[in-house]
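Note that the chains are named A, B, C, D, E and F in the order they appear, and that numbering of residues resets to 1 at the start of each chain.
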Amino acid sequence: MHLYPLKLVTIVGETVIMEDIADEGLKLGATGYTLSEVIGEGSRSARTVASTIGAKTMKLEFVVPMHVAEAILTHVSHEYFEHYACIAWLADVQVVRGQQYIK
Amino acid sequence: MHLYPLKLVTIVGETVIMEDIADEGLKLGATGYTLSEVIGEGSRSARTVASTIGAKTMKLEFVVPMHVAEAILTHVSHEYFEHYACIAWLADVQVVRGQQYIK
Amino acid sequence: MHLYPLKLVTIVGETVIMEDIADEGLKLGATGYTLSEVIGEGSRSARTVASTIGAKTMKLEFVVPMHVAEAILTHVSHEYFEHYACIAWLADVQVVRGQQYIK
Amino acid sequence: MTLSIVAALPLWAVVTGEQLSRMLESLERNLLTPIPLCFVLGIVCTRIHGGIKIPKELYLSIAIFLLMSIGFVGGHELAHEYQMHGVSTIWKPALATLFLGCLTPLTSFVVLRYIGGMSIADSAGIAAHYGSTSAVTYAVANSFVEQTNHPANSFLPTLVTILECPGIAIALVLGAGLSSRERAAKATPERRHVRESKLYEALYEVITGQSIMLMAGLLVIGFISTMFMDDQAFQPFYEFFQSKGMLFRGALCIFLLEMGLVAGERLGDLVKVGPFLVAFGILMPLVHGFLGAYFGHAAGLNLGGCTVLAAIVASASYIAAPPAVRLTLPEANPTYSITAALAITFPFNIALGIPIYYEMAKWLGAT
Amino acid sequence: MTLSIVAALPLWAVVTGEQLSRMLESLERNLLTPIPLCFVLGIVCTRIHGGIKIPKELYLSIAIFLLMSIGFVGGHELAHEYQMHGVSTIWKPALATLFLGCLTPLTSFVVLRYIGGMSIADSAGIAAHYGSTSAVTYAVANSFVEQTNHPANSFLPTLVTILECPGIAIALVLGAGLSSRERAAKATPERRHVRESKLYEALYEVITGQSIMLMAGLLVIGFISTMFMDDQAFQPFYEFFQSKGMLFRGALCIFLLEMGLVAGERLGDLVKVGPFLVAFGILMPLVHGFLGAYFGHAAGLNLGGCTVLAAIVASASYIAAPPAVRLTLPEANPTYSITAALAITFPFNIALGIPIYYEMAKWLGAT
Amino acid sequence: MTLSIVAALPLWAVVTGEQLSRMLESLERNLLTPIPLCFVLGIVCTRIHGGIKIPKELYLSIAIFLLMSIGFVGGHELAHEYQMHGVSTIWKPALATLFLGCLTPLTSFVVLRYIGGMSIADSAGIAAHYGSTSAVTYAVANSFVEQTNHPANSFLPTLVTILECPGIAIALVLGAGLSSRERAAKATPERRHVRESKLYEALYEVITGQSIMLMAGLLVIGFISTMFMDDQAFQPFYEFFQSKGMLFRGALCIFLLEMGLVAGERLGDLVKVGPFLVAFGILMPLVHGFLGAYFGHAAGLNLGGCTVLAAIVASASYIAAPPAVRLTLPEANPTYSITAALAITFPFNIALGIPIYYEMAKWLGAT
């Protein structure tokens, strides 16, 4: 089993920006992404019982090499951190046939 | 891009306790959390095809400094591990503007 | 708080194979798993606005010791990587009362 | 409790000839209709690992609709009753129902703990389920008596609402009280405190839970709108919610299909829960059903009313009770209570119980 | 803007005696019906932390159904109108509505920015909400006038469709333009470019958004099928969608229950938004409602039509506007706009506004 | 196979004058109705990147309702037919349908593999789709013939149920068999074993899948309840499920809107699948439709019945087939089969196919 070290970038933020960030991530070099609906509470976002109209939250993950991870995090941090509710972090992962996720 | 090392605490367990744990995590020092619906099978919980009434499962994540992570895991381990189906783990993450998640 | 080092195996792939992989993971030695619905885009899978009929994606997680992780990843890589849209990776985690997840 | 069993015995002695054949016939009329048949389809599908999957949201939406319907129609009928008779016809059945709501968790607890020898937590947990009621059992019982041309008194939905909470609350308090005394020696004060706050939380959640809020809320809404709206404007709302209408009946079919899917899965657990609980899941409803019919008759309900009251007293909750019990009595094994309520008592009531309660009510002299 | 306030003043001076009692009566007739009562139930439930949870998918499904209904019935009525009168009766109200759709975001912006002293982004963001319309307010107003036996002109749903977009678009362009000028000094060209592309994206999304596509799409479908199908084949579709039918009314009840749950949560934010915005959320709709009734009357609408046009002009969007504003004007605080639209203006319109607009229309001479 | 194409040819030669104008007229009557128009709206919306989003759960719920309806009404009609004629009128059409269900996957496979030169896996995968049927195409064809006042024989829903499985099963076995022989050299025994177990799994899942369980299950339920219930009690269930009713028609509109949204997306893939598959997606249904009309007529179906049987034989599955094929024949490219079934054959059938099959049936002498 050959594993290749890459970075896992996770971004959690308000739904309205998450599809845009996903597309921007692809432009910055990611080969794919994984997106899911979550319920979140943070300094700028409150969990609301009635989630129909209230602010909704999504989680977005990219498996990418370090330089793409940095590009994505820098972009997100500049464009979205000021005005939108979101959090972003990086973790180390070992990826199966990982080379194919490097463009 | 300045990244700050923090801990990612993940807890997966039966739905009935997860909102309580989320609130207790905030009291123990977390600045926010991310919660999502999952389907789970473990030693005490079975996946059921008809998930409407059967035991449901949720996943809860906190990005926190080490001492808060320990407090949350100790609390969960004491209060819930005995009688409820749940699992909890810790991982290292590098967080964008991570200082703001330390209260 | 005693934590035990284990591996977190994450597999993201098309829904049609994910329940099978979950069961195969249990046979290969995992004590449980966590499964969730996601939206994904990758080299072989495209996000579709209308997700009702289009290819759907799921995320599957196992917390397991290293040798089980390797068995699962080898199995998935041999059986599914060629013809199905999926990605798989490994990360280090510290698990509460972790010994119970070793069969 | 043993008293009521004794009281029920004669009933079985006299079930003979004509009565039996009438029961079989009414069974057939009850069973060979879409609602129970959908339940059977669900069970069959699960047992052969078939592919029917009802989305959770459809199930929840139907539950909301059914609860709103029961409440709204109940409020509407209550308004008519109130306009004609004031509270004179209602207060006695209401009191009787409240009494039954307080009695049934106790009878259940006593039987489970002292005859069945189950743990305090398990006994109280199961008692909470049997002390409350199942709105779907109400709906099925109601359509049964309508099909037999003995419609229940108009205010029966009000009684369903009354029966919803007290049983759960009493069983939880009982269970939490007794088991905390047991644990007193080893528990730290801090943990006891956590336990107590969870109990209050759970009690509050039971009292303000979805079932109660929707049923009681729509009851008030149905009452007020009947009082203040003219008939023509009221009509479309009534058509939407009415329990004889196509929406209610159709929604019940889909709901029972899902209940069958879930119950089918639980059938495998029958072995785990053992013969005592299987017997409990059949005999306890018969006792409670008899008490329901008896006190309903004493309070002046008609034949349909006695039957339906018996059915709801005999039924066990599987929506409101489980999370409350899980939170308050975590040592209780949820497999026991849910399997008993859902895989034994619910199908028993749907298939056999309701026609039996009907015969009981008849035998007691209700007309 | 100040002009229109002045124009509205006399209205208040003459509200006396008989008119007031008539308004109270129509209030009662309006409020004590299931639709607003379900809204109240939702609020009560949230305030006491009750357990009602409407699945998001049920809410979205009902929204889809309501929009399709409004469109389909609108297209059907439009076809009849067209067959009888051509476009002669429609073009004036349509123009008036378009004019109001362009005017209301401007009046809102001016009041918020220059009287309320709010930031450009906040003013524009809130103006986008008040420039558009709420389909549910339309539905409630429509059933109100039907209950008073003054049904609105048949082409009112067409006017709802016309009113949906322009207000949001104008407010977004205004807000983006003004705030980019402000930021011009510090913003890099690249960032300005990102901003602009988000604006175009948001505008396009507003114009091709779900509300418009469903309402306009079904309007066309209703129109065409009315023209080409025979009555009998058309019947089941009409029954399904028709706005007086049980499905539409029942769906509205559940929808307003959820709106009440959301609004109840937002009530806590009333303190955060401050007295100016509370006053704005009540007075601005009165002004816009008066303008709606006035221009509607001038364009030849009947009493019901004027009332409904007033209500939709007075209403604020809380479905299409929020995401568009969030994307284009991220500095705008969404708590302000959503609380004002949802927790102030919406309940005000449902409870008091609609009967007031009815009186306004009457006072203006509409019949 | 080539034989049947030859048999179909004369049909085209004789399409002239009056017939053509009648077809155009029936086309208009078929197309300018809400159901196909909703499909068109969905396509338009996707192509202009509009915002309509039907929640997955609503789509699934409607699918469940439609399948239950088809089954229930089918069972009801079957009971009437059975009471009147026993099985005498049914067995021939049932056999003919079974035969067609076995034939169409083979014709499809042969054409794809030997004329189109596609891989074994792709040929078998697509053949599985065309060997099965689309319940929605059935529903649309059924309302078409009702609108032309030639309602289909009462037992047509039974035939839909018969047609659901065999085609998929045959194509999967064929595909798995042939491709495993090809792979035999390189595959390890262990992997072959995995493949086989997946095949059994997939076959079992097809046979006990949601479509079959719901349709066949409700068919039995509709049959039994018709036999044993009195009419009045049966009424609300019938109203809920009946296929001419507002719920069924309305649900179809929403379902076709979503189908349009999905098909619109797939239109972009037409380029990828190439001209052969586009031609296949139009000509294969014409051939299968002709066979359906032909054997239906031979088995004694009426004009409506022949048309509907032709439509369902011509239709391609896009619900049951895709996951089964994906699991069993992973080398098959799902873009090919789903695009052909959903973006070519489905709209072709809805728009043009059904009126053509109607003319075919007429030309064959069905009345």
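Here is the rule we go by: a residue touches a chain if its C-beta (ideal position, glycine included) is under 8 Å from a C-beta of that chain, and two chains touch if they have at least 3 such contacts.
All values reported here derive from a predicted model rather than from experimental measurement.
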{"item": "Chains touching both subunit D and subunit F", "value": "E"}
{"item": "Lowest number of touching-chain links that must be crossed from subunit C to subunit D", "value": "2"}
{"item": "Required minimum of steps from subunit A to subunit D, each step between chains that touch", "value": "2"}
{"item": "Interface residue identity across copies subunit A, subunit B - same or different by half", "value": "different"}
{"item": "Distance-maximising chain from subunit B - centres being C-alpha averages", "value": "F"}
{"item": "Most distant chain from subunit A by Cα centroid", "value": "D"}
{"item": "Whole-Å gap between the CA centroids of subunit B and subunit C", "value": "19"}
{"item": "Computed distance of Cα centres, subunit F from subunit B, in Å", "value": "47"}
{"item": "Whole-Å gap separating subunit A and subunit F, where each centre is the average of the chain's CA atoms", "value": "41"}
{"item": "Multi-chain contact residues (two or more partners), subunit E", "value": "53-57, 60, 247"}
{"item": "Subunit B residues counted as touching two or more neighbouring chains", "value": "36, 91-92"}
{"item": "Chains touching one another, given as label pairs in label order", "value": "A-B, A-C, A-E, B-C, B-D, C-F, D-E, D-F, E-F"}
{"item": "Footprint of subunit B on subunit C - complex, ascending", "value": "1, 3, 6, 8, 22, 26, 31-36, 63, 91-98, 100-101"}
{"item": "Footprint of subunit F on subunit D - complex, ascending", "value": "28-29, 32-34, 37-38, 41, 44-45, 48-58, 147, 244-250, 253-254"}
{"item": "Touch list for subunit C against partner subunit F, complex", "value": "14, 16-17, 20, 48-55, 79, 82-84"}
{"item": "Subunit A-touching residues of subunit E, taken from the complex the two chains share", "value": "46, 53-54, 56, 59-60, 191, 194, 258, 261-262, 265, 318-319, 322-323, 326-327, 330-331, 334, 338, 342"}
{"item": "Interface residues, subunit E side, partner subunit F - complex", "value": "55-57, 60-61, 64-65, 68, 72, 204-205, 208-210, 212-214, 217-218, 220-222, 224-225, 227-229, 233, 236-237, 239-241, 247"}
